[in-house]
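To keep things simple, chains are lettered A, B, C and D as they appear, and every chain counts its residues starting from 1.
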Amino acid sequence: MHKYIHDLRVVNKKRINPDYYILELTYSDTLADMFPGQFVEIKVENAPNTFLRRPISIYDVDYDNNILKLLIQIVGEGTNILSYVEPYDYVNLVYPLGNSFSMPENNRILLVGGGCGMAPLLYTAHYFSDFGYTPSILIGAKNNLGIIEPEEFEKYGELHICTEDGSDGTEGYVTQHKLFESPELFDKVYVCGPEPMMKAVAKWTVKHNIHCEVSLENLMACGIGACLCCVQETVNGNLCVCTEGPVFNVKDLLW
Amino acid sequence: MVNLEIDFNGLILRNPVLTASGTFGYGEEFKDFVNLNALGGFIVKGTTLNPRQGNPYPRMAETPKGMLNAVGLQNKGIDEFCNSIYPRIKVYNKNIIVNVSGSNIDEYVECAARINELETIPAIELNISCPNVKQGGMAFGTSCPSAKQVVKEVRKVYKKHLMVKLSPNVTDIVAIAQAVEEEGADSVSLINTLLGMAIDINTQKPKLSTITGGLSGPAIKPVALRMVWQVSKAVKIPICGLGGIMNAGDAIEFMLAGASCVQIGTANFINPSVTTEIINGIYEYCSSKGISDINDIIGKI
Amino acid sequence: MVNLEIDFNGLILRNPVLTASGTFGYGEEFKDFVNLNALGGFIVKGTTLNPRQGNPYPRMAETPKGMLNAVGLQNKGIDEFCNSIYPRIKVYNKNIIVNVSGSNIDEYVECAARINELETIPAIELNISCPNVKQGGMAFGTSCPSAKQVVKEVRKVYKKHLMVKLSPNVTDIVAIAQAVEEEGADSVSLINTLLGMAIDINTQKPKLSTITGGLSGPAIKPVALRMVWQVSKAVKIPICGLGGIMNAGDAIEFMLAGASCVQIGTANFINPSVTTEIINGIYEYCSSKGISDINDIIGKI
Amino acid sequence: MHKYIHDLRVVNKKRINPDYYILELTYSDTLADMFPGQFVEIKVENAPNTFLRRPISIYDVDYDNNILKLLIQIVGEGTNILSYVEPYDYVNLVYPLGNSFSMPENNRILLVGGGCGMAPLLYTAHYFSDFGYTPSILIGAKNNLGIIEPEEFEKYGELHICTEDGSDGTEGYVTQHKLFESPELFDKVYVCGPEPMMKAVAKWTVKHNIHCEVSLENLMACGIGACLCCVQETVNGNLCVCTEGPVFNVKDLLW
């Protein structure tokens, strides 16, 4: 797959709440093909202490309007300064990067997203839905501020919500959700979120012999397989999350 | 018209811009961003006799205008390089240089001997300055006798251009440069990373699995430039300068300080097509200043 | 309540925040910005036996997240210090420390002996690491025998707390630290500036009149932190850590790495009241983490 | 004199032309007393490569409205990024710094400013005028784009303009202006501008035995006398421009 370095124009910035915002970006030419689970490396301009690019998942692509969406959580300087871009500003991306979630074979699929990990799952649901699948989607967060654009997820599948404080959906961790009482409903589970959550889901899938793919986050310097900083230990040795991931089959991980 | 071609002690570079080992993969990672053949050359990943898994994660920390890495020479070993990587990449550029490392002198020698057989590899860069491995690496580059010895032994088996990459973590880099020159190095490259460290005050733990790691990026540029200048006044072999080069202006600083060519490292991570921009920028600098030959600015200070 | 008091080998600091020589004048330059008495202490300008005019202009260049300086120990000499500066500033803080430099051992000794007489100066910082003077300075700090010798001679005449400031421009800072410890230093401070250089590509001239100068600021923090950590594992005397500290988080990194106190240098130029903010920030860090005594975090890594 | 570190609010930003802008700043309390020739050290936020503060002269002070004005020429990253501040933003200043021009004893005074060196002369003319003096003012620039707010200068004295290309006022360098044919008119000359220009004026005053003060620019790290980077060689040895200057009597300089 060809990778690009492009300046994309900000079409819209949606401030969801103090912690989250969505950037809608467009390119002067037709956007490249992108697959669910892939990410971009975004350059943060005018940030005194942000030296490297920041990896951000593809939240959604609207090919009809030639728009790429990113969902970003403010956690430090880079994601904060980036939140000040305005329509007509340009941001520089290296993209699309990484591998992607595998295609489902049937409708017996579950997408589980926790916190900012829900970002890649919207495009995954969207993409799968374009191929005629209707995934079950479970998104969880600390509280309702972390449940971003549920109406978007609802377009593409059957949405379930849970929050740790019960402020939206059912109360508790995602793995406490009733979906996890019915392993027989699923052939494939796709997960992205905090590591403990992914590990818990992975454990459950292993126990019930369900195919499970997780999207990992880690510290990246280049995003294109050149620096070897982003390694994940696997049964096949140290692999780069940026090129051989971010999506891994849990059976390849040493979890 | 500006001439950008450099005769780097026999190695003919179409322009003075190469890439630094460990920051440019095997070149192919960048082929969507750079016309690889337009580079002066590129230096591939640190290669060792045996495959290495490198250090545990985390291997990277961002620092003020720089980064620390503790990759630890992860690579598939010389066999894999010769048998499957080399045949794949050799078409990309006529100056593909292999960065060679080892835990002991025999490993360096055997690795160099194997590369000597590879027809289209015109040079090796002997890495006696890697701070991220327990044995060998930087240990060889921080004392004159050990630097001399490894260069002497490698020189016996390696017949093409032998570039030696120096460590900045020394009191007197000039002495090391002179020592390797005496043993027949064809050129020196400097600098490798400075040994550094970073701590996460929240977890109260080091940010790298290895505690210390190698500092690169603009933060180290003033130190690199000083060392290039010092060494250039003291040796006759040419110098390849690197350390924090982000743009054409930085590259020109190194050439004014005495480098005949430069390597671009960490900058590739931030802008994967930076090398092309630097080549163009050097051209523009020269033409705007009426400099018809880039060789005219080398060591002007 | 958090205890911030440190017993720095006999020197009682009300908190671990001091200021670095050459960046805080004689303290009085900052009295509009800082309650000087609230500092752990401050270290005044590098002082020599005879007055020095320092190096020619330009003496400064901005670099990525840092600066180069080539001040060259401009100061009015020990007489002027004792007779007119000392009486004026001694009221500001009970830990005013004089940074002492010299071109040869006799000068160091004579200067130290003079300061030994000043009642309210509890310590000197022996600067064997200044990169900006032709004779002496860093030359003493880059080899064990010379470092030992100057400390040995000064120790004979200086009876109060003797802190020795180490140069980072060495292969093995641990060996130097151990050498000065052996000769009776009460503490070490590190690091002084890294030797660096910058070039103006427009004029094709060095940016400093002296060509090379000392690099300070956040750019050098990873190197400084690594050295503090290495030295802390190898000596028993306490360490004063510095190099690129800009905020409380940076200061805490140094303490976790093994420093018992810190110095703030270049940061004072950018924010003249930064020291107060750092003291408050350390306090807040401790209280938010439930740390009741700052001494508990020293060397936790 | 007491120095302060304060956040001042931007009240107005006047973009004069692509190279120059004026910042009008106000403080929550009454502005400190400032004297003509003094300067501020301004912090440039969100500038990736601007590490140190930037020294900028006091262009004018409007005590009635509690406003401090700075005239800034864009020459590099710092002055460029600062040009993006907007009303209601805050900028951090350390001020007021340095010595100041001496008071005149009569009306036989000439202010000569070249390029951005005209900045401190507006407040100087304003200040002198408040004390009842009417200075002659000569400002020079490469072309008319460098002649900033002549109407402001005209309020406080008799303004003469010259440009190298003749696009405003008389053509030529300031020292070619006809005022320099009449040394007998002046007892004191105050100069700020490019060094060659200041040297030329200084030479003329020495020849005609006129008191002359120049305001020097040089590279500063701290602005408060702590770093000793900003030295100027004088008959009294190396002096700091930031505390013992920026104003020097030319007879103390080794020009």
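Rule of thumb we're sticking to: a residue touches a chain if its C-beta (ideal position, glycine included) is under 8 Å from a C-beta of that chain, and two chains touch if they have at least 3 such contacts.
Computed from a prediction, not measured in an experiment: that's the story for all the values here.
S.K.: Measuring centre to centre, with centres taken as mean CA positions, what chain is farthest from chain A?
M.R.: Relative to chain A, the chain whose C-alpha centre sits farthest away is D.
S.K.: So how far apart, in whole Å, are chain A and chain D when each is placed at the average of its C-alpha atoms?
M.R.: 54
S.K.: Could you work out how far the Cα centre of chain A sits from that of chain C, in whole Å?
M.R.: 48
S.K.: Averaged over CA atoms, how far is the centre of chain B from the centre of chain C? Could you give it in whole Å?
M.R.: So the centre of chain B lies 34 Å away from the centre of chain C.
S.K.: Specify, in ascending order, the residues of chain B that touch 2 or more different other chains.
M.R.: Within chain B, residues 63-66, 217 contact more than one other chain.
S.K.: Classify the inter-chain contact topology: is it line, ring, star, complete, or other?
M.R.: ring
S.K.: Okay, what are all the chain pairs that touch?
M.R.: Pairs of chains that touch one another: A-B, A-D, B-C, C-D.
S.K.: Which residues of chain C touch chain B once you look at their complex with the stated criterion?
M.R.: Touch residues, chain C against chain B: 63-66, 68, 142-143, 169-171, 194-199, 201, 204-206, 211-212, 215, 217-223, 225-226, 229, 244, 249, 252-253, 256-257, 285, 297, 300-301.
S.K.: Applying the document's contact rule, which stretches of chain D touch chain C when the two form their complex?
M.R.: Contact set of chain D toward chain C: 2-5, 43, 49-53, 94, 218-233, 237-238.
S.K.: If we count contacts the way the header does, which residues on chain C are in touch with chain D in the complex?
M.R.: 22-25, 29-30, 32-33, 45, 53-54, 56-67, 69, 71, 74, 217, 266, 268-273
S.K.: Residues of chain D touching chain A in their complex?
M.R.: 45-48, 81
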